[in-house]
Amino acid sequence: MLTFAQFGAGRIGRIHAANIAAHPRARLARLVDVQDDAARALAESVGAVVCDASSVFADPAIDAVVIGSPTDTHADLIEEAARSGKAIFCEKPIDLSEARVNACLATVAKAGVPLMLGFNRRFDPNFAELRRRIDEGRIGKVEQVIVISRDPGPPPAGYIRSSGGMFRDMTIHDFDMARWLLGEEPTLVHAVGSVLVDPEIGRLGDIDTATVVLTTPSGRQAVISNTRRAVYGYDQRIEVHGSGGMLQAANVPISTVSEAGAGGITGDKPMPFFLERYAAAYQAEIDAFIAAVEAGTPPNPGGEDGRRALMLADAAIASLKQGQPVAV
Amino acid sequence: MLTFAQFGAGRIGRIHAANIAAHPRARLARLVDVQDDAARALAESVGAVVCDASSVFADPAIDAVVIGSPTDTHADLIEEAARSGKAIFCEKPIDLSEARVNACLATVAKAGVPLMLGFNRRFDPNFAELRRRIDEGRIGKVEQVIVISRDPGPPPAGYIRSSGGMFRDMTIHDFDMARWLLGEEPTLVHAVGSVLVDPEIGRLGDIDTATVVLTTPSGRQAVISNTRRAVYGYDQRIEVHGSGGMLQAANVPISTVSEAGAGGITGDKPMPFFLERYAAAYQAEIDAFIAAVEAGTPPNPGGEDGRRALMLADAAIASLKQGQPVAV
Amino acid sequence: MLTFAQFGAGRIGRIHAANIAAHPRARLARLVDVQDDAARALAESVGAVVCDASSVFADPAIDAVVIGSPTDTHADLIEEAARSGKAIFCEKPIDLSEARVNACLATVAKAGVPLMLGFNRRFDPNFAELRRRIDEGRIGKVEQVIVISRDPGPPPAGYIRSSGGMFRDMTIHDFDMARWLLGEEPTLVHAVGSVLVDPEIGRLGDIDTATVVLTTPSGRQAVISNTRRAVYGYDQRIEVHGSGGMLQAANVPISTVSEAGAGGITGDKPMPFFLERYAAAYQAEIDAFIAAVEAGTPPNPGGEDGRRALMLADAAIASLKQGQPVAV
Amino acid sequence: MLTFAQFGAGRIGRIHAANIAAHPRARLARLVDVQDDAARALAESVGAVVCDASSVFADPAIDAVVIGSPTDTHADLIEEAARSGKAIFCEKPIDLSEARVNACLATVAKAGVPLMLGFNRRFDPNFAELRRRIDEGRIGKVEQVIVISRDPGPPPAGYIRSSGGMFRDMTIHDFDMARWLLGEEPTLVHAVGSVLVDPEIGRLGDIDTATVVLTTPSGRQAVISNTRRAVYGYDQRIEVHGSGGMLQAANVPISTVSEAGAGGITGDKPMPFFLERYAAAYQAEIDAFIAAVEAGTPPNPGGEDGRRALMLADAAIASLKQGQPVAV
């Protein structure tokens, strides 16, 4: 039985808390959040107690921590957890600065504790199946990856401001997917970006519509198509072209119902947003973390995956600014 | 080069005329229709001449006839054509009376001329592919057939009156499909029918909504689902369940375009009606007729197929009246 | 907080136990099963205790019971639970004899306790969406229902022997779906059945392949297509045709991944069997039961739904024997 | 009645000849090809006569020419036809050199004859429907276009050598699609390309796998994904994302048949290659050309469309060489 403490009782925190509580070999003992009410309500529903951060690190009964607090607290909490010898599951990103990430990962390495990054999409049953089939050799050698990743609507201005920009906040998941599926590290990034959805996003110095091309040394190519607004829902599709065939992971519809009428045959929209679309993925990633900690094997994706995805995001930002491809 | 005369310059006549004209090894020389204007216009566009029936039968240059005139002329024209030694392509049905069909087929048999019945659906590329795969053994032994056959809208009252009723007019195609796919003659027919679309159809003594179950001696089952009105277009689907798998032939959409919006993902409707849906089938069936006549092999489907489909229709009518299954 | 006892720690029992344990307003306190080991293991994982039936009925702390034990124990347990004033959730069927069902329902009525029948498919998100849209009037008046319901493989002979036959055991779910979607009680049943899958099933006096047609007084029609073996998985589809359009609920694939290769484009199979396909439905039905008990409203589907589905199954058995439609 | 002469009796020539012959308001009178046998056979089947080029230009009975001969003859034939006052339908490209294209178009402009370029995909019923819906405003303002365009297999080395390279030969169609759908001229091209299919293609100085990104002044983006080999057939899909929704044009399968077996649900592959996939498009483009000539309106796409697509191809070649985006 693995005993957890969790930082963060927000949207994503509630998901992790429930998944840990429901896990047959784990329990959530402590919950930390600056929003006391939210923390208390969530703690009660899963049988945990609310406390402050220092009691978590001081408590030898805590085996592992889940870090789901705001981004700017991640690196500090990771380091404190590492120094206290806790296994760490942290939401992406580790930090928005590559230097800080490097320092943080060095601390983790020194402490020798397991660290898993919350790249939840690797655990989506559909994308996981994609990868499994690539690994099985079903489409031969991977040649091109197309990641369609479109949010239903833009976040509020406040979120944009502290997000590190679209590439570090949203595309970072797609960078991870591309890396994970290409089977070779991308070494060149070329990004084009526009403000087509909301001029306010442009005023904040960010973009809302992007196409990013990644290439690898052997000539494999990935393209990511992003927008902050898709009126038909959360569009999350991937296709992988290989020497022996193509794999596609389609959207997950809300239901399999279709309606035939005078206007055509209408199928249901994709799941509205990440909480619904990736519900199974969140459950599977915590299970994978627990299994890795139990087995003493390095959890996957780990800190290096977080660092590499951030490097690709930073290269995309540079490419956008310079108007040309940037080497990673 | 096969030289044709054609009876009928209506909707279906125009299709056959164009397909013969475009065929590399056939030409349409003569056209007969009581509607002189229609005949003249069609003849001109394909380089044929308008004449009366007797000149067709008297002309030794005519190798083959296409009979696409009204149903009540079919049997007589078949017999005259047979006696003149012409190869015969006739739209279904031969006649609405089984006795008349039998007499007519006897005349054809005596004359030894080839006779093909226009069960066009056998030549639809999708249904033909279904059958080809069954014959290849892809789904093992056929066990159950489901024929979904739904017209976009009811015909006018005048048509209903002379149609012989829904089972002889519309379902007859589905009976042919069921026979063709079951791989064994159905020997029991059970039909339920209702008037749900238009009360006028009921007043004319017909039905507009039906479910018909056919069974064969070895226990294979077919079910036909019919209606005279489907607001989303012409619904023509078949699925075949076998010991080793299932084959489905889906509708043919007007285009492959789908539109994703706030209301869902809307694909195009099926082709509106038989002229569009079965355009390729009409072309393929004339080609098959020409090839059979050239090769001297019996065309398929032949007169016996017409007779058997009519027997199933008659059995369905009897079943509907008696409220119980009827043996064929 | 609703306190449950549960009878049965088998396959379906494990699902209900986990769903109750995970429910925020319910807990599973007691578990009864003749298989002591299974009961003990399941009880431990959800924090319940194993006991015998009489202690359940004697314990005033138990608000509700889940009956998931073998079919021949259902009616007795329902009656005992009713007399002890417990709310009752019972797996279908109440009993295989209509007389016994009637007696049992009379006892429940007299006791005035809530009784819900486990027709789980009503809670499948896809079928529930189908029904919701019918109720919204999206396809006008319902005219025809097509239920495709095909098991991946036949049960063992022992199961067949005590199952009451295919219509009472398997088709009963489809009868419930048809009733629920037709919007009018079927009054005529015509069934054809064959032994095409396994001769052993025939030797046991049962069938494995069936087509059943139901009709209602106003002429609505439903057809059910059943088999005990589909090599491609658990095939559970429904389509509903109305005056204003058609609704279809497609299968739920294992994943949304498709693979394009030289042989075609291959999508994933449907979920393998009911435990996977209806996982969300099992969760939703227990939630609906808990909500109904809390609200003091009659749970739905109730005992009468169980009785009516059984009547349709019995009529289908009679129809099969007599070779003609049977009135309900 | 429009009278045509045609240059070229090869693969594409046979298609145009048949479509003209079958057209109700056009006839093919003369056919020119250096391969005398091919010309003679084709001429016979459509009732044309074989002759040399000069007789075509000298014959005042010839209203229009179809140029389907090898690429290096296009510009000369266009100019001669223009000087003889013939309406011109020419397969893409006009020429591989932009200077030669400009000179040629100047000659056409001076002669004042209609010139249509064979960008057949604009006439594909699916892509045409895509465009029609964009024009109708169904998805608001276009923001991003994704063109998936993948050939089933690489052409022979000889073809590659004289093709002008992948971008001028294959991608040029996709450049035209992107321009046509973006609704704004792309002004920046960034191309990445690799040799992943066949090293021989690399030895010939060409690539076989490419991703090209186009951007417009207002920030609209198009991405083209190309390969010379897709084992599952000819992959021709387009999706267009707009402010109000998304449009997708899917592949056209060989049939609508799918097969459900132990390995999954397998649908048919896309049409094998352009002759089959774009059969309807070839017919529609000749019809549009005839209609434009009859009406005296400029045919569309015209010479300028040919020139612009070539400019994009040249920019892509430059981008590939320089490793950075190139302005058009």
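Note that the chains take the letters A, B, C and D in the order they are written out, and that residue 1 is the start of every chain.
As a working rule, a residue touches a chain if its C-beta (ideal position, glycine included) is under 8 Å from a C-beta of that chain, and two chains touch if they have at least 3 such contacts.
On a predicted model such as this, the values are computed, not experimentally measured, just so you know.
Number of steps on the shortest path from chain A to chain C, with steps defined by chain touch: 1. Most remote from chain A, judged by the distance between CA-atom centroids, is B.
Set against one another, B-C and A-B show the most C-beta pairs in contact at B-C.
Put simply, the C-alpha centre of chain B and that of chain C have 42 angstrom between them. If each chain is reduced to the centroid of its CA atoms, chain A and chain B end up 57 Å from each other. Residue positions 230-232, 235, 244-246, 259-262, 268 of chain A each touch two or more of the other chains.
Within the complex formed with chain C, the residues of chain A that make contact are 22, 24, 45, 125-126, 129-130, 133, 138-139, 244-252, 255-262, 268. In the complex of the two chains, the chain A residues touching chain B come out as 230-232, 235, 253, 259-269.
Against chain D, in their complex, chain A makes its touches with residues 141, 143-144, 146, 148, 150, 188, 190, 192, 194-197, 209-211, 213, 215, 218-221, 223, 225, 227, 229-232, 235, 241, 243-246, 323-325.
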